[in-house]
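Letters A, B and C mark the chains in the order given here, with residues in each chain numbered from 1 onward.
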Amino acid sequence: MAVMTILQAVNDALRTEMRLNDKIVVLGEDVGKLGGVFRATDGLQKEFGEERVVDTPLSETGIIGSAIGMALYGLHPVPEIQFMDFIYPAFDQIVNELAKFRYRSGGQYPCPVTIRTPYGGGIRGGHYHSQSGETHFAHTPGLKVVIPSTPYDTKGLLIASMRDEDPVMFMEPKRIYRSAKGEVPEGAYTVPIGKAAVPREGTDVSVFAYGSMIPVCLEAAKHADGKGTSVEVVDLRSLVPLDIKAVLASAEKTGRAVIVYEAPRTCGYGAEISALIAEHAMLSMKAPIMRVTGFDTPFPYALEDLYMPNPDRVYRAIEHVMSF
Amino acid sequence: MTTQEIRMVQVVSEDGRVDEAQEPKLTKQQVFTLYQTLIRLRTFEARMMNLQRSGRIGFYGGSVGQEATATGSAFALEKQDWVFPQYREPGAALIRGISMETLLYQFMSTAKDIGKGRQMPVHYGDRAVNYVTISSVVASQIPHAAGGGWAMRLRKDNAVALVYFGDGATSTVDFHAGLNLAGVFKAATVFWCNNNQFAISVPREKQTASKTLAEKALAYGFEGLQCDGQDIFAVYAAAKYAVDKARRGEGPTMVESLTYRVGPHSSSDDPTRYRSDVEVDTWRKRDTLERVRHYLRHKGWYDESEDARLHKLAEEEVTRAIEAAEHAGPPSWETMLEDVFAEMTPLQQMQHDDLAAYLKWKEARA
Amino acid sequence: MVSVQFVDKDIVQVINEDGTAQRHLEPKMTHQEHLRLFRTMLLVRATDSKAMNLQRSGRIGFYVPSFGQEACQVGSASVLKPEDWVAPAYREPGAALVRGYPVKLLIAQCYGNKADAQKGRQMPSHYGSAATNFITASSPVGTQIVYATGVAWAMKIRKDPRVALVYFGDGATSEVDFHVGLNFGGVFRVPCIYFCNNNGWAISVPREKQTASPTIAGKAAAYGIEGARCDGNDVLAVVQVTKQAAHHARAGGGPTLIEALTYRMGPHSSSDDPTRYRSAEELEAWKKKDPIERYRRFLEKQGIVTAKDVKDLEADVTKEVEDAVAQVEGQAAVAPESMFEDVYAELPYHLRLQRDALLGERKAGAMVEYEQAEGKFPL
């Protein structure tokens, strides 16, 4: 056991699995010699060589498109997109090819690619280093979307992704890359994709979130606890496939739901959670289903702290649903 | 098989020899404008790095070592022309007349920033001088410039679009799309590649297998040439040639300016991890200011006291700008939902109102 | 001053229009191999003709014919080994057929019924075959260039002595994936053949409007790779040029961009009407350069086939296609449940919910039967 950050857990997962599976190839911009702009792939090129850890030309389309080809041929590539904000040139390859290959070929051409990309705000990155585009991918059938919030989950989910036959968008919450610390076992282990976690149990209100918002919600829950409200926090971990049972179980248990996501409000992933609870657990609800979200604007630089959901705003929503 | 020559423009060599056949027509006044801008730029950037280290600005990405390539090329433009920058051309911004205050207001995210504090430092723009607002995305400005230059030719505006990008950008999809379109439609666009040998840590040789970057223009049916990016006179000459050609309606040109990124990619980068000091020092010796001094001495125009005076003026200018920015306040919370659309949508209005209510709620608890 | 060499005007041609050949340029082939090529070209023509008929009479919904481009597809793919991979655009039935893909499966994909290996998921002309290493096509133009580069790259990493060949048209060279695929291919020196079927048209946009570059092969220099041009209506020229490219790739020399000059004698697809944008004279001029005709003249002059042999072969392939249609047409439609399969390796919970909901609705008769939309697909 060692105490690690999320970044270290990413590195450990890659190193561990690359030793076990020689079909894994890591590729992306600055991932080799530099070890990645966040050092996520630090030391990997030294251990596994330039053929398995590749510095590519500046082209997201090329990175993802080549990865698809490698996967068709039988490798398991793990491409990195340096910031999720820059994934858009590759969007065509992801949506039209990666997500649809298995389906369109009648199962003949599975496409096991694990795309790693840091997402989200909180690092003073402005418009182009802070975006949360998980909904674009959740809205594309054929892709799995995984977002961890702890080092333990990071390593386990990343290894699970590298063992998955389907394409996985592994989105890393870069705001807590270094601040989230926790115990991580040595060697290979997996955390199942498609299963939520409950880092805090409670009885009065369910708060649903993922990624960088988990510490924010835990903070709000702690504050609420001090005021006599028992809050349960559910960490979704997988957006696709979603652990619907866990979501509904919690909503039915407490009867009050607050959904938190930092992405722009309209059509954010939490809107789906809200719809699911409304469809399947409406009669158990004691209050309207509330969302605490980013605004429908590009991600602002100076007003970043106001834009992102903070413990205060989450607590305000908890207070609101408790008032019914 | 056909052989094509990619010519290389150089006026002042590294050891100070001046090729009078390639010398561009510049008055003494113009030469000193160029020289002074380089001094202002170098002074400015040194102070910005300090500001970042001391936490007074959050981030900086500079052009140390490659000052000439943007400054000299922008100088070839006229008022009605447009600049489409990447994010590493403050020399071009200064030549176009953007003040240091304007830059610092943006770097410090103040209420006086044209962009209202919305973007991280070095992502500025100023419509008044046709300097298009920067985004972080590499190369996205290239198709914009192709379209702009195309429109300029269609409307017979006598204007030209000049777009900057690096060596890494030539691998992107936007490069291909932009240049191909410009070639087909004979857009009045100059494609200016600042080949500073690095895309963060990835060296030029790993970017593409072609011998030069300039030759990629041939794939789009137009001319490509190279210039010594450390020689501001070569830069100016190459730019003037391409800009004049576009203005005459003869279509686009690509210029590959050979230079070097002496500094890091940005204040978040540590280049010692991927390149040697020896290489950096070699290029440091190809100093852009020193190259101009060779020319000044050649012309008998160099004066040490004038040099010192210009440096002092520059320091004062930077200091004034920093002070102005540090005294301007932050942007108001009300700007959050503005400018997404021309008018706020009903859903946005709800969010705006909810934000106001939240701030009241927070105040009440305090 | 840097010198750049690029492919300009030289076009490789072996068979002259009258059927005589430049013997020294002829690739070494046995009579059997010639017959195999010729028969396959006839089979492509027969398949395309039949499929267009099926579409016009409403028996299938759509089709992408490749009239006039038989030499390009069949000649190039015939050079490859079974273990090599092919990535099509969507206009290369000949490349699949020459590698052993059964006509029956091609026709089945057009019907999209139970006989279709793709379970009726895509519109006609979008098939694939892992058994013959023929990657399933998609509609977006040019995307295959990048993943074919990836396949070739993987072959190199695994040290397999294989090559990947990817097809695309003149229009695709403007696409971003062309740039990226060839650039990566050049940087990583992958064993990939980039085969451009320059058929003169991207739906209604002629080649000259696509790019200002004088040739397509000339773009190779921009990526530091080899380039070659050939007469795409001369099957032996196509064979020759592809052979060289394959040899070069297998020897570790990296990729080649081949530009095959040909002509799209038919429409872009069954939804297109080319009379709206091109002249009858142009079409007539190119009909005279029909690749099948040219090859037939060559084979007759060489004494490899007689006029009777040709008639027999034509009848044979027509029968093969008719038999395929007969076997496929009557088969049942795909089951609704199959809609939810193959999205992922395993059916996830949320899809199971959706599937059960759909089946439940159908059972309860709650769902109104959906009427087939009026009119045909616009392209």
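Details
Everything below uses one rule, namely that contacts are C-beta pairs under 8 Å (C-beta built on N, C-alpha and C of every residue); 3 or more make two chains touch, one makes a residue touch a chain.
Note that the structure is a prediction, hence the values are computed from the model and not measured.
When chain pairs are compared by contacting C-beta pairs, A-C ranks highest. The chain with its Cα centroid farthest from the Cα centroid of chain B is C. Note on chain placement: the centre of chain A and the centre of chain B lie 35 Å apart, centres being C-alpha means. Averaging C-alpha coordinates per chain places the centre of chain B 45 Å away from that of chain C. Centre-to-centre, using mean CA coordinates, chain A is 39 Å away from chain C.
Among all residues of chain C, those that touch two or more other chains are 176-177, 180, 183, 187. Annotation for chain B: residues touching 2 or more other chains are 171-174, 206-208. Shared interface positions of chain A, i.e. residues touching 2 or more other chains, are given as 56-57, 59, 61-62, 89.
Within the complex, the chain B residues that touch chain A are 58-59, 109, 116-120, 123, 135-139, 168-169, 171-174, 199-202, 206-208, 268-269, 273-274, 330-331, 333, 335-337, 340, 345, 347-348, 351, 355, 358, 361-362.
For chain C in complex with chain A, the residues that touch the partner chain are 85, 116-119, 121-122, 126, 128-130, 135-136, 138-140, 143, 145-155, 157-158, 164, 176-177, 180-181, 183-184, 187-188, 341-345, 348-350, 353.
Looking at the complex, you find that chain A touches chain B at residues 29-30, 33-35, 37, 55-59, 61-62, 85-86, 89, 124-129, 265-266, 295-298, 300-303, 306-307, 312-313, 316.
If you check the complex, the residues on chain C that touch chain B are 1-10, 174, 176-180, 183, 186-187, 189, 209-214, 218-219, 221-225, 254. On the chain A side of its complex with chain C, the touching residues are 25, 51-52, 54, 56-57, 59, 61-62, 64-75, 77, 89, 92-93, 96-97, 100-110, 141-142, 144, 164-166, 194, 240-242, 244-245.
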